[in-house]
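Note that chain A is present in both complexes that follow, paired respectively with chain B and with chain C.
Up next is the complex of A and B:
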């Protein structure tokens, strides 16, 4: 396959492949937890990037798909006794389905109107789930203990969850690359630059945008199920945090939007920085303010993000970083 | 039943005036420079704390304290504009959204370190007012009156003063305004300052009703979004009407269904209006 000769294609995949493989080999619990948080961030940021980076549509409430998918997966798994794999796919499919329905309408809005609408959808979903009986209302749900038994108890179940997350992240990165380098992706990039011109040139913008929205909603749903299964409980406040949604945007911006490698770099960089600030004695109380100041500096002075900046300044790396 | 309905409607409407002021600040900024100010909530919270500090430490009457709080809000807005917004004013929306969100994080971060997140309240009561069968706290009435006063001032400023006219000109067409010799950067900074000032005043008024923490601005910021969209983004008078609608809904809905359904209706309506009439309920087609 020709794609294998391009480092831009295999580099992110190999990094995540080796990373997850090492964690599985060493088999240490703390290391797995760290890797879980980081891989989850990579997966969420990358799936957001498929919409944000390629079409330029700012989904401010993208976490709604994480929450809805997570809730549905959790419900299927804990209340209906589905196996984890099927439940995760179920959560993802529900997110994708909702995205398809909502997307048809919401994607007609452009720019800040779209961003506002996505915030509204997230808040509406949070408020709805808080009142929805089968999902446990405001108190949420706890995992049914028998769900762990299929995987030989809670300990091994966490390792299974990690493995699924690892695979999901690999798939997200793969899809991200494939979308970018397909004819379809070129259409999306055209929409990002000038939607009206793209439509004149024959890009079916409404259809393309909706498909992209569906793709970028599917993975957060899967990841949500895995995350809340790992946590053992789910509640509306955790599932629909607007703050987390914005963190995803920050990761994408930090790494460089519209690149495959960017969300990987941005997610790991952001989480590392956050961890450092939270544990450092000087910045502990001010970690949010320091993170905000750094975000401001990046937005104002390095709007292309780390990967974008390197690509623009080091010609030789342009072929390596996609 | 009717008595109860009318009394909760009045209560909601009085609150709606104050929501309207908060939303007016947001809508002014949007109308002039097409920036959604995500630092709006924290500024509302700062307005609450400004009033609180002046009241508890210096013994200033909370309503009198609004004046210095408004001044501080104006200055804070100018500073935020110069540091965070000016450079991204022509960039894609994502940049200005994230830049103002960065300001949000900074304010919340510093605010949490200074004030912690324990709830505070302004212990100042005006007693209650009785009109026929209606009884409501007098602070609500004063709050609504303050909101109308602020709106009137904004209206007079925008329509009858030179800087106000300049703001409207820049909102209408920045390029043309610049060609007419209006210093658009200064006008943009002033509008941002006015927007934050409204937020701070709204925060001060809300602080006289409810207890608050440094994080309390968030829900009001979300409400402001809903109100702005109902009234038409960029339309200050629409924002006041939108505030009344939202306040009225908040008063009425709990008499028909559990309180926890209020946000479902609010945000459902929000998304619906965005989809069907993005120019707002009263905006031009």
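Up next is the complex of A and C:
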């Protein structure tokens, strides 16, 4: 059976397609902002899942690719006058390139050592950007207003940005599905289960892991460009926030790592909870503590996440929830 | 000659795991490898299939020097193995486990073709009815057969079997022996480590004996069983040897 004949292939795509379509039709600013935050979370969590869920490598500093790609895209767009689409792709390619270089070195490490190295990379990137003149150093950059004019002023430009983010999220989900259900993806799952045994069976683990790291770094770079263009400014403190890395992990774990649907469910669920906590008078300063506690509870009691749990308990849904 | 191991030496810190091991494996042969625990048998497998690089010496496979090649390159040349301690890919189904072997083995199949081949090898080891179960749910004997199916799906020229009989009951041993013979009939050469003496003596064309990392004897099963050095190092009891030969 071909991919497009399977419900598991269509379900996440149709959800995001309809969701974004409805937002565009209703055309209401607050609704767009909410959807932007949620779709961004889905895109970031799904990108991380391609590495974390399929190869089992825990990247604690994945936000570095959002920051570096965002910075680069922002620079191309605002300082060099590139169109948004090209700048976002440029940001993604830079993230992918850095991941390729870094991956060759740090993907030799396993388990906790790899996770620690990824945190180090995030901190190193923050320190570098804070001192990098063209990127505005510690104060960052503000968007050049002429960049908005290409899209008919700041208002319409935000809608264009939203449309690009919507398409990017669809592409991430599509890539996530295609990777999982390919020969390449089977090799990744083998690495996740037992890397040495996989190599004995002929899986070229170093190469496969690096390619996966590159794929999972590309999309955060694209999303970063779109996000910071929407914000209108970028600074090191916003671009490399370690707690966002951890939130990405929580979203993947909550929804179910290694599934295509999981990051979608986890991102929406977590962001909904976060929104609730941030507006509640008791919890507003504690939302990260709740995220940490949630991660602990998931790992201890529902390691498969929501989607994984449902798949394991309701056999009929296995074909629908990939 | 499908495999030539020449003067292979492997050390772990101060421990000399293998010293100057030299032997040949003929095409189509079943070569048995025996020796006491800790003699270096599994280490020898790991050196042959590229998990470890030897300190010195040479391993050639089908005329090609494979010394120091990473294990995935060795696998792609057509050398498959099973593990003494089974290593199923737990979260994957039995069929997916075998598909990894088929996809990444010698012939590099597409997923669709791999699925067909996987079912073929599962049938050979009598696991086809478990194909859709997660491999973590199998019992020991089934996991051993899964390892074998995975190795077979790679369509290797040479198969390294590391104690496929360990932990099996007598009837399971008999059926595994039939499977191993059938594999050889398909033209696959076999090097096997085994502790079940009756089995290895009856199935092997020749036997190698390893003790403290050194090959102390090579020859036909009955020659090896009568070799005083082997009896001292491994078999231990001359009466038991006589009994073995009688069977």
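Basically, the second predicted complex is superposed on the first by the 309 of 322 C-alpha atoms of A that agree within 3 Å, B and C clash if a C-alpha of one lies under 4 Å from a C-alpha of the other, contacts with A are read in each partner's own complex, and residues count from 1 in each chain.
FYI, a residue touches a chain if its C-beta (ideal position, glycine included) is under 8 Å from a C-beta of that chain, and two chains touch if they have at least 3 such contacts.
The shown structure was predicted, so the numbers you read here are calculated from the model rather than taken from an experiment.
Three-chain overlay on chain A, with chain B and chain C fitting side by side and no clash.
When the shared chain is aligned, no partner comes close enough to touch A:278: not chain B, not chain C. After overlaying the two complexes on the shared chain, residue contacts for A:196 are found with chain C alone; chain B is out of touch.
In the superposition on chain A, contact of A:101 is made with neither chain B nor chain C.
Between chain B and chain C, it is B that contacts the larger number of residues in chain A.
Once chain A of one complex is fitted onto chain A of the other, the partner contacts of A:26 are absent, as it touches neither chain B nor chain C. After overlaying the two complexes on the shared chain, residue contacts for A:14 are found with neither chain B nor chain C. Looking at the shared chain after the overlay, A:182 reaches chain C, while chain B stays out of its contact range. For the combined arrangement built by superposing the two complexes, chain A sits at the apex of an angle of 80 degrees to chain B and chain C, based on C-alpha centres and given in steps of 10. In the superposition on chain A, contact is made by A:205 with chain C only, not with chain B. Nearest C-alpha atoms belonging to chain B and chain C sit 10 Å apart in the superposition, given in whole angstrom. The contact sets of chain A with chain B and with chain C never meet. Residues 49, 51, 70-72, 75-76, 80-81, 83, 87-92, 96, 99-101, 103-105, 110-111, 114, 150, 154 of chain C touch chain A in their complex. Residue ranges on chain B touching chain A, taken from their complex, read 30, 34, 36, 83-84, 87-88, 91-95, 97-99, 101-110, 112-113, 222, 225-226, 229, 233, 258, 260-264, 266-268, 270-271, 274-275, 278.
By the touch rule above, chain A contacts chain C in their complex via residues 181-183, 186-187, 189-190, 192-194, 196-205, 258.
Taken in their complex, chain A has these residues touching chain B: 52, 56, 58, 60, 105-106, 108-109, 111-113, 115-117, 119-121, 123-124, 126-128, 130-131, 138, 246, 249-250, 253, 257, 285-293, 295-296, 299-300, 303.
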